[in-house]
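Here is the structure we will look at, set down as structure tokens.
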Amino acid sequence: MSKKNAREKLMQELLAPEYRLKCEYAIHIIEVKLEMLMEQFYVERGRPVISSITSRIKTVDSIERKLRKKNLPVDFATAEGKLSDLVGVRATCFFEDDIYKLAERLTAQEDVVLIREKDYMKKPKANGYQSLHLTVEVPIYTQEGCEKKRVEIQFRTVAMDFWAQLDYQLCYKKNIEEKTSRQIQEKLSKYAKEIAGIDRQMMRLRKQIDKLGTERDV
Amino acid sequence: MSKKNAREKLMQELLAPEYRLKCEYAIHIIEVKLEMLMEQFYVERGRPVISSITSRIKTVDSIERKLRKKNLPVDFATAEGKLSDLVGVRATCFFEDDIYKLAERLTAQEDVVLIREKDYMKKPKANGYQSLHLTVEVPIYTQEGCEKKRVEIQFRTVAMDFWAQLDYQLCYKKNIEEKTSRQIQEKLSKYAKEIAGIDRQMMRLRKQIDKLGTERDV
Amino acid sequence: MSKKNAREKLMQELLAPEYRLKCEYAIHIIEVKLEMLMEQFYVERGRPVISSITSRIKTVDSIERKLRKKNLPVDFATAEGKLSDLVGVRATCFFEDDIYKLAERLTAQEDVVLIREKDYMKKPKANGYQSLHLTVEVPIYTQEGCEKKRVEIQFRTVAMDFWAQLDYQLCYKKNIEEKTSRQIQEKLSKYAKEIAGIDRQMMRLRKQIDKLGTERDV
Amino acid sequence: MSKKNAREKLMQELLAPEYRLKCEYAIHIIEVKLEMLMEQFYVERGRPVISSITSRIKTVDSIERKLRKKNLPVDFATAEGKLSDLVGVRATCFFEDDIYKLAERLTAQEDVVLIREKDYMKKPKANGYQSLHLTVEVPIYTQEGCEKKRVEIQFRTVAMDFWAQLDYQLCYKKNIEEKTSRQIQEKLSKYAKEIAGIDRQMMRLRKQIDKLGTERDV
């Protein structure tokens, strides 16, 4: 099949309402679970742990690009089988320790099956990127029965999200001189480390403040 | 226990975050399912079937009143065991036939267990009230495991919802003379029948229009 | 200019962010005003008066069709000058008398200038359509200064909105036999009258119920 | 008047629907303006400038506390006359330079009158707090005429908002030892400076990346 035909066939299947409805269902399920955990944590800790929850269904363009980059055939079955981020949910949190607790409680739920975990907070990417990525499977019930759907959940701190904004801006610039690009990358990577450092300082201070609360009640 | 104490204990349990979070989770699950069905139907029929979805958790006052009216003990266990509408979701739809189709698809889903059905559309209440009430059970997953939660789903037409507005207004009037009250009730009951008649006429006309669509493609 | 070129130029201007942002601003202003009135009325009457508020910016297709139908040149200046419904807001209300009160209070506000009123409730269209259409102008403030923007506000009852749904469905059917079309139109027109009749009966009953409230306090 | 009576009278006036509706109207107006600016900036810069917009009406408790602290009489007229933050809107932005541009465009609008500006970004508070506070007046149109309403708008960066979260947590702790409190305050103040430093580094890098975009088009 020609490159153009492959793309068009893929597009047709990815834009079919049946596919999109299932993706949206999976997103809803994860969002509801995160919102409930957010409320539980608020009750337990007396402070908010999640700043915002966003989601997206991967676009046809982005899927095609990723398949070609990985030298994989450009078709729907390969996309569904090989790419784990067709459906994505992102939770931006205030502190790193809350992120691990949220991830733990979410994956402890019987209907959430953890498929893979990539911890870019413990081991940041070369460019400085820090997040916790979980690939999970949730059941989608329709009148035809039950189907498993994969979702990639990204957890990151507010500060890292701010950093990622800038990294994302840079990705969309083109024809940048090799030297300029390298120089900006180096700065971004350096600032990522500084931000992570402040995140950790702030978390330690928060723990100290948390403890004050407990002592007060004595 | 005194009447006041019983009420206070019930209130405490009903306002506990743990109880409310589970109620909200159940509401979310049903809402997501209805939204998904709404989108599926739109794709299949080319027209909206649900006008609006609302929900509520039954208030302490309303629970206490209902338990007393039924001569039941005023406590949390009795409320949970005997009242099936502690958690309620309402879908207001354009046509009666869509309501039955929605109810059918919803209860066909593996994780939705139909406990009871009261069809006040086929058999209206004495005052004229028409709705389809389903009591269902859905699983709530938390880190402690899986728990079943009951939800009452009310389906009604837009026209019947309009009627119910007025019926609801009347309920909140007090010290009405016996004669006036009876007279208004009679009118309400008469208009309910007229509205149901128009609903059915409109549905027949809609079916005729739907059919035109099919023929056009031939 | 060729028909295709005229359309493309029009499209370009209608999709320009500057145009759309001003339309959205005008919509927001009217929506906020309606929401505030809705709350005021609720406080005064103890019952909701508006069921829902929706809005839309007229599409390029729809604008082009309307200009051609009116034998007007297909360009941006003509659209802005001659069509008063480029920006539209619709308030669906429970009762006719509330609609007139809402319209009165809205147009009494200093920054809302009433340009034209078409009362299809008092004088329904031939097909049975009933609504109150107001064309108003509101000031849009940007850093460049103040600009007047026209908005068409449609008020209709819940029952008439239900009717309009069906009328709208019919519009999108094509190649219907003359006889069938006429027959359906006649039914629609007949049902519109019946719905308007019920609307009025219900309003009278509501007034009777309203009065009970007043007497109670004596 | 006794302390209790003064409080109750104030509460009555602050909870009156008329007062609250006007506050909400003013909030809506500012929110709509900020949303429009957010969209304009996105079109111009190809990147988001506002991360989130929130608002609040000052609570009775908070008003009473502030009046007593300032040794002012606890009544409605004094609150309205002397406190400029009864109605508050907060815009959390990614970068400091965008904040100044937003503030400039907002106050350039004819119907927004700037009453006072406090720039805690240029001159941070002793505890490290950094924000730009604008007190503005906007016209509120009702059927009774036009009234001026004061709103405090706070602009801050995402990073400073994260910092403020922790500062806020600390405020709600009680009976903390003098030494502990001072020590935490010092850390908070130090981190505020570090965060501001990173904010500025990131802004410089963003400007460098922005410039790349311009060059690309050449």
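Order of writing sets the chain letters: A, B, C and D. Residues in each chain are counted from 1.
Operating definition for what follows: a contact is a pair of C-beta atoms (placed from the backbone, for glycine too) under 8 Å apart; a residue touches a chain by one contact, two chains touch by 3 or more.
Quick caveat, the model's predicted, so the values are computed rather than measured.
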item	value
Remotest chain, subunit D as reference, centres from CA atoms	B
Computed distance of Cα centres, subunit D from subunit B, in Å	42
Distance from subunit D to subunit A - Cα centre to Cα centre, in angstrom	30
Multi-partner residues of subunit B (at least 2 other chains)	none
Graph class of chain-chain contacts, one of line, ring, star, complete, other	ring
Touching pairs - complete list by chain label	A-B, A-D, B-C, C-D
Touching residues on subunit B, where the partner in the complex is subunit A	17, 21, 24-25, 28-29, 32-33, 35-36, 39-40, 43, 105, 108-112, 139, 141-143, 145-146
For the subunit C and subunit B complex, residues of the former touching the latter	47-48, 52, 94, 158-159, 161-163, 165-166, 169-170, 173-176, 180, 184, 187-188, 191, 194-195, 198, 201-202, 205-206, 208-209, 212-213, 216
